[in-house]
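In the two assemblies presented below, chain A is common to both, partnered first by chain B and then by chain C.
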Partner chain A sequence: MSLSPTRMRRTARTQPRGRPSRAAYVFLLPWFIGIIGITAVPMIASFYLSFTSYRLGGTPSWIGAANYERMITDSSFHAASLVTARYVFISVPLQLVFALAIALVLNRGVRGLPLYRSVYYLPSLLGGSVAVAVLWRQLFATDGLVPELAGRFGIQMGSWISDPQHALSTLMILNVWTFGSPMVIFLAGLRQIPTELLEAAAVDGAGRVRRFFSITVPLLSPVIFFNLVLQLIGSFQAFTGAYIVSSGSGGPANSTLFYTLYLFQAGFQKFEMGYASALAWVLFAVIGFFTALNFVGAKYWVHYES
Partner chain B sequence: MRAELETDAVRTTTGPDRSRHPSLLRQALGWAGSSGWKHLLLIGFGLIMIYPLVWMLTRSFISNADIFNPDASPSFTLENYLTGWGSLRVTFGRFMLNSMVVALACIAGNLISCTLAAYAFARLQFRLRGPLFGLMMSTIMLPFHVTIVPQYIIFHQLGLIDTYVPLILPKFLAVEAFFVFLMVQFMRGLPTTLDDAAAIDGCGPFRTFWSVILPLCMPAIGVTAVFTFIWTWNDFFTPLLYLNSPDMYTVPMGLSAFQDSTGLRNYGALFAMSVLSLVPVFFVFLFAQRTLVQGIATTGLK
Partner chain C sequence: MATQIAQLSRRGLLRLGAAAGTAGLAATALAGCGSGGSSGNGNGGGGGGGGKASLRFVFWGADDRVRRFQEVADLYMSQNPDTEILVEFGEIGALETQMSVAMSAGNLPDVFWVHGNLFPQMVAEGHVMDLTEHLGQEIKNDGFSESVLVSGNYDGRQFSLPHGLQSPCTFAKVPVLEELGIPIKTYPESYSWEEYAEYAALAHERLGPDFYGTDEPTSTGYYDPMRAWVRQRGEEFYSTDGDIGFTEATLTEWLQYWDALRANGGAVPPAIHRDDDPFFQGAPMIRNLAAFHLRNSNQIGELQKLSPEELVLMPLPGSGGEGTDSIFMFPNNLAVAADTAYPEQALHFVDFLLNDPERAEIVGTTIGSPPTQAMRDVIAPGLDAAEKQFLDYIGFEVEAGPRAMPPSPPTSGAFTGEMTTTLDAWAFGQTSIEDAVAHIFGPARDLLAG
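Take a look at the complex of A and B:
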């Protein structure tokens, strides 16, 4: 991932004055050790391992692209990719729509904004924890809260957790439930939109809907884009919920086999570390692809004020 | 490309918090006009959001036998907390203590390494500054999966599996570039005349960092500490990789083990321990709300 030219120019402008300082390298020493020892070397090693067959303690043997070819016929890999794609492309848009909708309601000078903001934000802080995943499993269990409530409305529903048709939906709902953090970012973005513009448009006879699509959305588009990229990348890497809800199996019938969970199973339960490395690189490529796609698409709908 | 995205989000979100409060007139109009149904909607929706947590909390105080018996009139009991606490070979108190040790060490690591690196990037002049800053920024979005296999092999070779070193050491090496970026942004906002004045008074870069810049960075330090705490407290993946023996388990590992052993048959106790595990995060949420909201608004942290 390279830096954009705008960024470089901005960096150059804010460069501190004074003569070059050798002390800077002392300050950077811990980071330097980290970027080499924890990031760069393992990254290169992982790329190499992805072309080998390696089990912990043994020696890696070069097998060319066999790990990557294996994915073509690996049905668990197919399941994991499909589950993850469905999870990301359904729950992220839903989550962002909720976040934006609530942010819009909260933005118009609602009394008690800090309180609402806190209440809606709380799930974002807790959503990644094992405790909430444990709770989620029970919410949708046979005698959990959700079937109980559905029963009161005369809807018979069994355990969604043990139903391959619905198990993934519970995790999507969990992801949507954590809409608070993009909401807070939306709120901060909405605050930057000059009210004069909206008032001027209103004077000119633009209705609510028109003002939203012609003023709010274009001016907010960098923030929408920012949230989209961030949530997309995060959701591709989701792990804890799926692990806890399925006790690490990704079941029932691979319906919650998130990509990262499959990678974990391959690398750290079966100790097929070559294959796990290949899986990691495919994930990296996919995330990179969608992020790049976002950036290309952004040219058509993201509006930057200059 | 992350960089541009970041600064744009920051540019649009760093305005002072109170500068755009609507006028009194507008507020009054809004209140009289549409706020009734709006509040009703917001409160209703908030209740739905929070209800699962309340459900877990109340269940944790009802005895397991009463939970699924609709005819029973449940009474308040601490039974679940007592059984849950000692239900594994290692008590839950031990898991809490372990988690606390790891979280505090991680906070120390992130604060030391990230402020050091950020100071160099934000305030010092050196030859490779541009490229190295670019390198640092490019690691923010790197999915950690592309490094975990070799990292695991290295820690395994060094005999550090089942210790806290793999959990803590990376934090002392500024691996969480997000926080470096946060600090850089903050330090860039401080006037450079401070550095000049310190230099005239005879301060070297270390003295300037320690006595002038660092004390002014408290808000950024607060955000880093709070988020490091929450992330490491909730982190499940790293301990799952590196910790084997129950004595070493952190809270998420303990909960997961509890669920897999007996928890599904006794979820009163499972809920009780889940509630306990959320208490520290909840307290941070209560007392550091301003910091949290500012942190997310300026950087997009979760």
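Take a look at the complex of A and C:
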């Protein structure tokens, strides 16, 4: 049943060059169904609903841009936006700096590197989970481990969870703690930096700090950019920690009212699905704006080898 | 293929990853708010005729309640081999979200406990079965008094039935009361609000500085004490036309009452109060931070197990004496989906849940008191002292015949949510009483209008 070389060539010619076979589409079908049914259709529906007054279970009625106009005077929307902005713009840089610092240490040829890498990566897997959020609540409560340890050093800190001044800080620390994911990417990036460049710079008399800022950072800048974009997007959408720590309220006194939590409250506690959809689209636009800003800014500080 | 991967530049890969991240992650939030098109009715698979009827029964609660209800379902299935009962449960808050989505998708379970926040909307939009004509027929209603049926009644029609009675009350640590010389007052008497404030302040004064009188039910989303306060003044939480039923002056006095208690240590400071979930094991009284705790009476058994000291169950301040007219209950109510594929079996199962003595013995008081005296008499011999206190308490309230209470409007969840946010800010000193009241009677009130 072997095919002659002539027939093989004919068969090959009947398949247009560069065009995937039907079989490929068959295998891709589950993904197509998923992207259309679970993502695209609900997205289109939510865009339409954002221009309606729609209570869950009821019938949507068209109200134009009223949902978007409402945000201008909605004090909870303002509070949620402020809390989220503080969270994103403080915790993401801190997390990346921390991740890079640990990656630099591990890149120095530490014995048992795979173990350290796994241990440091673990919080990234657990960080967004309910279990860790519950643990966090326990750690920072009045009788939690952190106030207890602080007390031994003479620092009376009380509960951070129920203090509007500090509740958000605990969630920022939680975010920084999940530095493992960017750290692993930094580590991979650091390993690609040619050692001869660093050695040549050292021979020319460049110190460690100079080598770091003049060679390591520029060559690592694509990886920094990658981590920055992903962490920024992820942080804008943070939800679990705030939901668990505040028991879903965003309290105390709106101090942990993340944007996504407010969106959830609007949709699933107040059943204002039209308004919740509008909130979701504003979030989409904000994330899109900052991502685009990153790409524009990248021209000035991200260096590619080629 | 390998060639194509090799041709992807590092720069391209990074950009691709970032772009994919933007689209994928942001789309999650957007897709979550779409209706997602129509969903099938989970009940519709079997149809009404032939074969084994399969009923989904949903309730909220923890392990003990789940174990008991599974036993109840097994008992029912052994007596009715043609019906399968699928027990589903969850934590009350999470279940509320789940049920709101199920309501929207037309996928409500056949028989379920209905959340107070969702019930008005379910009735208004026809998601629950009108049970009026079935009372005294498929569902026996002997012994169900008007006062226990009222919570499931809309415009003279019965849309849900009380499964377990519960009502707000005052818990207190008996040794603390004895040490301070504070009298225990049970029905038909109760403390006045002035006495409650005095005793709470005394507890802090004598046992402080880290011990307080009472938890503060202003900003935790638990509004039953405030509802009692307004009803005792002849007002209501909601008016019959779905608006706010109390005056700005009444709300102001309520907040001033708690401001004063917070100032003299009678009430637990918000930062300590909110350090933990303020109910059950996180309640300040259970954490040995307070002498009193305002919460639902059916929790006495569970709270007593969590407390090394003897607890007593007393009426809410002002609810005894001349105030019995203002008593109210929020039972765990049973409803049947309007579009259940097995209406006959669902009604039969509801009757079993309400009137079967063996069922009553299995469940005990874990869901509250049985709604009828007959079932209360059945379970009474097997109860411990704390549970007997509760049964006597509920028995008095059922007999007291309080005045009817207007139902919550469908938008009540949005209103109380906004009110909680406002009062939370006030409790932490971020807004004044005047501004909080103005906000509640302004933007929050607008939410009631829908």
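Throughout what follows, the second predicted complex is superposed on the first by the 286 of 306 C-alpha atoms of A that agree within 3 Å, B and C clash if a C-alpha of one lies under 4 Å from a C-alpha of the other, contacts with A are read in each partner's own complex, and residues count from 1 in each chain.
Keep this in mind: a contact is a pair of C-beta atoms (placed from the backbone, for glycine too) under 8 Å apart; a residue touches a chain by one contact, two chains touch by 3 or more.
Treat the numbers as computed from the prediction; the structure is a model and nothing was measured.
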**Prompt:** Between chain B and chain C, positioned on chain A by superposition, is the outcome a clash or a fit?
**Reply:** clash
**Request:** State whether A:251 touches chain B only (first), chain C only (second), both chains, or neither.
**Result:** second
**Asked** Given the touch rule stated above, what does A:34 touch, chain B (first), chain C (second), both, or neither?
**Response** first
**Prompt:** Given the touch rule stated above, what does A:181 touch, chain B (first), chain C (second), both, or neither?
**Reply:** first
**Prompt:** Who does A:222 touch here: chain B (first), chain C (second), both, or neither?
**Reply:** both
**Message:** Just to be sure I read the superposition right, which of the two partners does A:291 touch: chain B = first, chain C = second, or both, or neither?
**Reply:** both
**Request:** Considering only touches as defined above, state whether A:126 meets chain B (first), chain C (second), both or neither.
**Result:** first
**Request:** Give the label of whichever partner, chain B or chain C, reaches more residues of chain A.
**Result:** B
**Prompt:** What is the contact status of A:230 with respect to chain B (first) and chain C (second): first, second, both, or neither?
**Reply:** both
**Message:** Just to be sure I read the superposition right, which of the two partners does A:55 touch: chain B = first, chain C = second, or both, or neither?
**Reply:** second
**Message:** Considering only the listed stretches 149-157, 203-211, 221-229 or 293-301 of chain B, which one runs into chain C in the superposition?
**Reply:** 149-157
**Item:** Shared contact residues on chain A - chain B and chain C
**Value:** 37-39, 41-43, 45-47, 49, 56, 222-223, 225-226, 229-230, 233-234, 237, 247, 260, 263, 267-268, 273, 276-277, 279-281, 283-284, 287, 291, 295, 304
**Asked** So in the complex, which bits of chain A are touching chain C?
**Response** 37-39, 41-47, 49-50, 55-58, 75-76, 141-142, 158-159, 161-164, 222-223, 225-226, 229-230, 233-234, 237, 247-254, 260, 263, 265, 267-273, 276-277, 279-281, 283-284, 287-288, 291, 294-295, 304-306
**Residue ranges of chain C touching chain A (in the complex, touch as defined)** = 9-11, 14-15, 17-18, 21-22, 25-37, 93, 96-97, 100-101, 103-104, 121-122, 125, 127, 219, 221, 270-277, 410-411, 413-414, 417-418, 420-421, 424-425, 427-428, 430, 443, 447, 450
**Item:** Touch list for chain B against partner chain A, complex
**Value:** 1-5, 7-9, 12-13, 15, 20-22, 26-27, 30-31, 35, 38-39, 41-42, 45-46, 49-53, 55-56, 68, 112-113, 116-117, 119-120, 122-127, 129-130, 132-139, 141-154, 156, 169-170, 172-175, 180, 188, 192, 195, 199, 204-206, 209, 230, 233-234, 236-237, 240-241, 251-252, 255-256, 259-260, 263, 267, 270-271, 274-275, 277-278, 281-282, 285, 289, 292-293, 296-298, 300-302
**Request:** Please name which positions on chain A make contact with chain B in the complex.
**Result:** 1-4, 6-8, 10-12, 14-25, 27-31, 33-35, 37-39, 41-43, 45-47, 49, 56, 102, 105-106, 108-112, 114, 116-126, 128-132, 134-139, 143, 145, 177-178, 181, 184-185, 187-189, 191-192, 195, 222-223, 225-227, 229-230, 233-234, 236-237, 239-240, 243-244, 247, 260, 263-264, 267-268, 273, 276-277, 279-281, 283-284, 287, 291-292, 295, 304
